[in-house]
Amino acid sequence: MAQAKPRVNILMGSKSDWEVMKNASDTLNQFGVSHECRVLSAHRTPKETAEYVSGAEGRDVEVVIAAAGGAAHLAGVCAAHTVLPVLGVPMESKLMGLDSLLSTVQMPGGIPVGTLAVGKAGAVNAALLAVAILANKDPELRKKLKQFREEQAAKVLNEKLS
Amino acid sequence: MAQAKPRVNILMGSKSDWEVMKNASDTLNQFGVSHECRVLSAHRTPKETAEYVSGAEGRDVEVVIAAAGGAAHLAGVCAAHTVLPVLGVPMESKLMGLDSLLSTVQMPGGIPVGTLAVGKAGAVNAALLAVAILANKDPELRKKLKQFREEQAAKVLNEKLS
Amino acid sequence: MAQAKPRVNILMGSKSDWEVMKNASDTLNQFGVSHECRVLSAHRTPKETAEYVSGAEGRDVEVVIAAAGGAAHLAGVCAAHTVLPVLGVPMESKLMGLDSLLSTVQMPGGIPVGTLAVGKAGAVNAALLAVAILANKDPELRKKLKQFREEQAAKVLNEKLS
Amino acid sequence: MAQAKPRVNILMGSKSDWEVMKNASDTLNQFGVSHECRVLSAHRTPKETAEYVSGAEGRDVEVVIAAAGGAAHLAGVCAAHTVLPVLGVPMESKLMGLDSLLSTVQMPGGIPVGTLAVGKAGAVNAALLAVAILANKDPELRKKLKQFREEQAAKVLNEKLS
Amino acid sequence: MAQAKPRVNILMGSKSDWEVMKNASDTLNQFGVSHECRVLSAHRTPKETAEYVSGAEGRDVEVVIAAAGGAAHLAGVCAAHTVLPVLGVPMESKLMGLDSLLSTVQMPGGIPVGTLAVGKAGAVNAALLAVAILANKDPELRKKLKQFREEQAAKVLNEKLS
Amino acid sequence: MAQAKPRVNILMGSKSDWEVMKNASDTLNQFGVSHECRVLSAHRTPKETAEYVSGAEGRDVEVVIAAAGGAAHLAGVCAAHTVLPVLGVPMESKLMGLDSLLSTVQMPGGIPVGTLAVGKAGAVNAALLAVAILANKDPELRKKLKQFREEQAAKVLNEKLS
Amino acid sequence: MAQAKPRVNILMGSKSDWEVMKNASDTLNQFGVSHECRVLSAHRTPKETAEYVSGAEGRDVEVVIAAAGGAAHLAGVCAAHTVLPVLGVPMESKLMGLDSLLSTVQMPGGIPVGTLAVGKAGAVNAALLAVAILANKDPELRKKLKQFREEQAAKVLNEKLS
Amino acid sequence: MAQAKPRVNILMGSKSDWEVMKNASDTLNQFGVSHECRVLSAHRTPKETAEYVSGAEGRDVEVVIAAAGGAAHLAGVCAAHTVLPVLGVPMESKLMGLDSLLSTVQMPGGIPVGTLAVGKAGAVNAALLAVAILANKDPELRKKLKQFREEQAAKVLNEKLS
């Protein structure tokens, strides 16, 4: 994780989510976006979670990414404590991640969580959406994002079926 | 709602849940159990919710009932802020209440929510389970509970099919 | 399992549930709560189940925990035979435990089952909710519960992501 | 309902199920099959249900039909108390009847419930399957069943689309 | 499989279902019920399936058991071609057997299929329900069924948790 | 319905499906494609269904469209009796059409059914897909199809939000 | 809709989505955020959709909101044609919006869509998340967002249960 | 893959789909149907996908098969860019392929996708349905299709259960 002042905070409800969420961190690193990763639980450490997220704006954080499984309240709890954009990544769980997905995405009107796909694809895409948000005021980052898309397209086009 | 010191707190995420949760309140009244009903949102009023629930033990509350719909985090957030028994009632929603149910029941190990059925049956049963819990130290209440069961059984046995 | 008079009864529909429900027993042991574990089936041994649960109150049991999978009727059948608080733990099954969950939680108004999450998390949490219920009249237990929460929070806060 | 000794018992968990289950009764009447209809709840009147079903064999009943909604345990509880063939009809409920269906059909090995479709189609078909079972030793009934099928087919073939 | 004239026909849509359906055959053997097992597909061999099932009554078959997975039409197709009681066993599939279950159980009014649980439990129970149906005119079989239940209960009661 | 020799056969399992399937017929009429609509049930009139579909090729029919609800076997049964392209339209039902959809689409390898959306959109699209298939050897029809697409696009582009 | 250069583009697949998506537009108006609303279909007007979205960056648009139902591809198609942040709102549909939700949220790694709740809550929240994104470089907007949250909280706290 | 001018185009959203979609290619080869297989993504290579599919008619392609997983938009995007018959194969994914299935089949009225089963059965059946479509103007192919069906039936009929 980068030394610079973190622009993105990645929270996860349990250390076991790290294997998946490392993909979000790796993606941000690929774009040179400084960020901080923390295990913080909506249920087991509610005060510390509230405090950490409430302080994000003051730390000049621009996007919060939160990942959790089961009754996945972490992203919603983050969104409740900040007006920064919050992105949610549902982790796979007992019910295939359907519980995590619904618990993350079905937020009531007033407190939004931008939800990504269940599991690794969601972790990567949360980072890419964070980059897209940052790129709104960072032309260099937008350029990198376009280049990423081009390379990604080229990779698809070069696939060989044998 | 009774004048006595509330033994049960009933929280709901939105005033629109009251039509259903009134059944919980009515059931508690039927047993003469003092209680307080409040609209408090896990997402829209996170601080007040945390404060209110954190203080429940100090107010000699014995059971907390929380009802919410959609990404129904209220019961989980309550459970995170108190060691009192917390009972959750999933409200019906866009996805038939499946989202509310999974968001309430699939809590991670460490922070339990005793979850009841979706909607009115769940509201009534949350009250009855609260009564059962209170009855553990209140022989009078247990007696009333047995009487309630007997009357309920009698009512079923007297049904006429025409 | 403790020698003292059991305060909690843990029932499971099949011996194969023991691997999961052992977590409930271990958790109760961790809190020094005496309990008894039994295999009793709502379908294969209906009379013995009814008898055992009907007698729980007389044995000074304070909470009944019931675990079953598939058409998981055990918790509901227990609740039908006692006015003690009954907690249900849905076991994983052919349909990911969705059948067990719905069969346990969707009880009709009148007979409540406080339902926990599918599988191991639910087993642990059933025990913790039982402890919370017992703690309502046992200050020592409530103190232990708070300590458990603190240790649990500390463990989360000390997680290192490498 | 016929005066003759009932060959089929139709149980339902709540009087509100009668509107649907009347279709089972009507179908049996159509075949001249004597039967008795009762409201009996697996949860609210467990003893009376167990007693009634346990006695079915002694009353020369040949098939038991049980209808319930939500955590629909009635058919399973019937099956637990008799070796007679038990047919289950899931009633529509909060979750579209998916809870009722899974609670009825996902019985553990050892105690079978022959489950029909959710709602009215299931009610009619439970009666028809009961007739098919009775027809195994009643050639007259089998003849009627064939005639019913022929009339039913003719009705389909005569449909006009305008 | 027994030499005697088969009283039950067990059909399955694919040879791969045999591993599960063998449990139905074994259970029938345990009760000394003669039966015949066949692979016949509703889709790949529609004529032979129709013919075989249409002829079942003439062969003095008393119950038809049909097992299939995915768009599991076999039991329904059997039911369409005979007035004998037809029992359906949904096989596990891509969607956990939910597709097989719904395709088997949700029959339209007029053509019933008594559906059992997904997979092995359903296979065993289809056989047991067939036995219960046969036992309606076979006191010896009913006696065996009661004995089976007693042994089954004893087995549960003797389980030791270590 | 057109007087010319039918190029498409539209079957539906029940007359109640006609309200939805009329949209398929109207769409074919819009393209001047001759077709025949029939109520034929996989379960209630299995022989007539098999006969009718088996004869389709001989009647120079080019596409079969089949609509059914619940355990929706009609399209699969049609596909089993012809090598013509068979398109399936799941009708809405008790379980929102999820049962109809899975029963239609989850066909085993070997017997394909091209499945369209649940309800009216599926009815229209089955007709359009049939037109696309016919258009493979009918340049005039392909031209009409392109014109339809253009008009459809124009209609979308002209929508005004007020 | 505002006269100023639109900062947000709201697309919807069908005019029938406007009743729900008007809530997104109203919310943006409430914050004084200029935006443009268009009906554009991923399927019926693919070229115009691609063109419009591809041009969004050049028009200095900062966020794209896309709403669709059923096989809801609109948000994904938008995300494929721009590197701007794309937010998706699943519309209710035949399958309660579960199809719309899964079609919107389950994007493959590489092309993110930040998905909101099904229906009206999702429409409001898409606008609020867009505001949060814009607020990253617009302190005035962030202030308004905080004020909105405070008023929203106050409204909850002032609810009276009668 | 055959040297002749391709009559069928098989697209898949990711190289990882090839293991499943190879079954479609093998099946077409078995019938001597020339075809081309390509990895093209609705999201990562939207322009190339649109171009390739738009050009299919000009290349005298007669059927397009598209396979994708998750938010499986590929078949829908193909259908949006051609009036040729488009067949969709949902790939298995995080949510068992339910997301892929709903994203493929629930197309809005106007743009049809003929959807096959999830996974390998769907891949084989997409090829067989393509063959059935081609066979409408190719008597030789229809003959082969009938032979395939006969061999397939024979194989089922020759299964031995041991």
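Chains here go by letter, A, B, C, D, E, F, G and H, matching the order in which they are written, and residues are numbered from 1 within each.
By definition in this document, contacts are C-beta pairs under 8 Å (C-beta built on N, C-alpha and C of every residue); 3 or more make two chains touch, one makes a residue touch a chain.
In this text, all values refer to a predicted model and were calculated from it rather than measured experimentally.
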| item | value |
| --- | --- |
| Partner chains that chain D and chain H have in common | E, F |
| Counterpart interface for A-H, drawn from F-H, F-G or D-E and sharing over half of its contact pairs | F-G |
| Chain A on chain H, rotation in degrees - Cα superposition, rounded to nearest 5 | 90 |
| Pair joined by more contacting C-beta pairs (F-H or D-F) | F-H |
| Self-contact between copies chain F and chain G, residue sets same or different by half | different |
| Intercentroid distance (Cα basis), chain G paired with chain B, Å | 35 |
| Averaged-CA centre spacing for the pair chain E and chain A, given as whole angstrom | 50 |
| Cα-centroid distance, chain C relative to chain D, in whole angstrom | 34 |
| Rounded Å distance, chain A centre to chain G centre (Cα mean) | 19 |
| Shared-contact residues (touching 2 or more other chains) in chain B | 14, 41, 44, 70-71, 94-96, 98, 105-108, 110-111, 113, 117-118, 121, 149, 152 |
| Chains that touch, pairwise | A-B, A-C, A-G, A-H, B-C, B-D, B-G, C-D, C-E, D-E, D-F, E-F, E-H, F-G, F-H, G-H |
| Footprint of chain F on chain D - complex, ascending | 92, 96-98, 117-119, 121, 149, 152-153, 156-157, 159, 161 |
| Chain G-facing residues of chain A, complex | 23, 62, 83-85, 87, 101, 105-118, 120-121, 124-126, 128-129, 132-137, 142, 145-146, 149, 152 |
| Chain F to chain E touching residues, read off their complex | 13-14, 41-44, 46-47, 50, 69-73, 76-77, 79-81, 93-95, 98-99, 102-108, 110-111, 113 |
| Residues of chain H touching chain A in the complex | 14-15, 18, 37-41, 44-45, 48, 70-71, 94-96 |
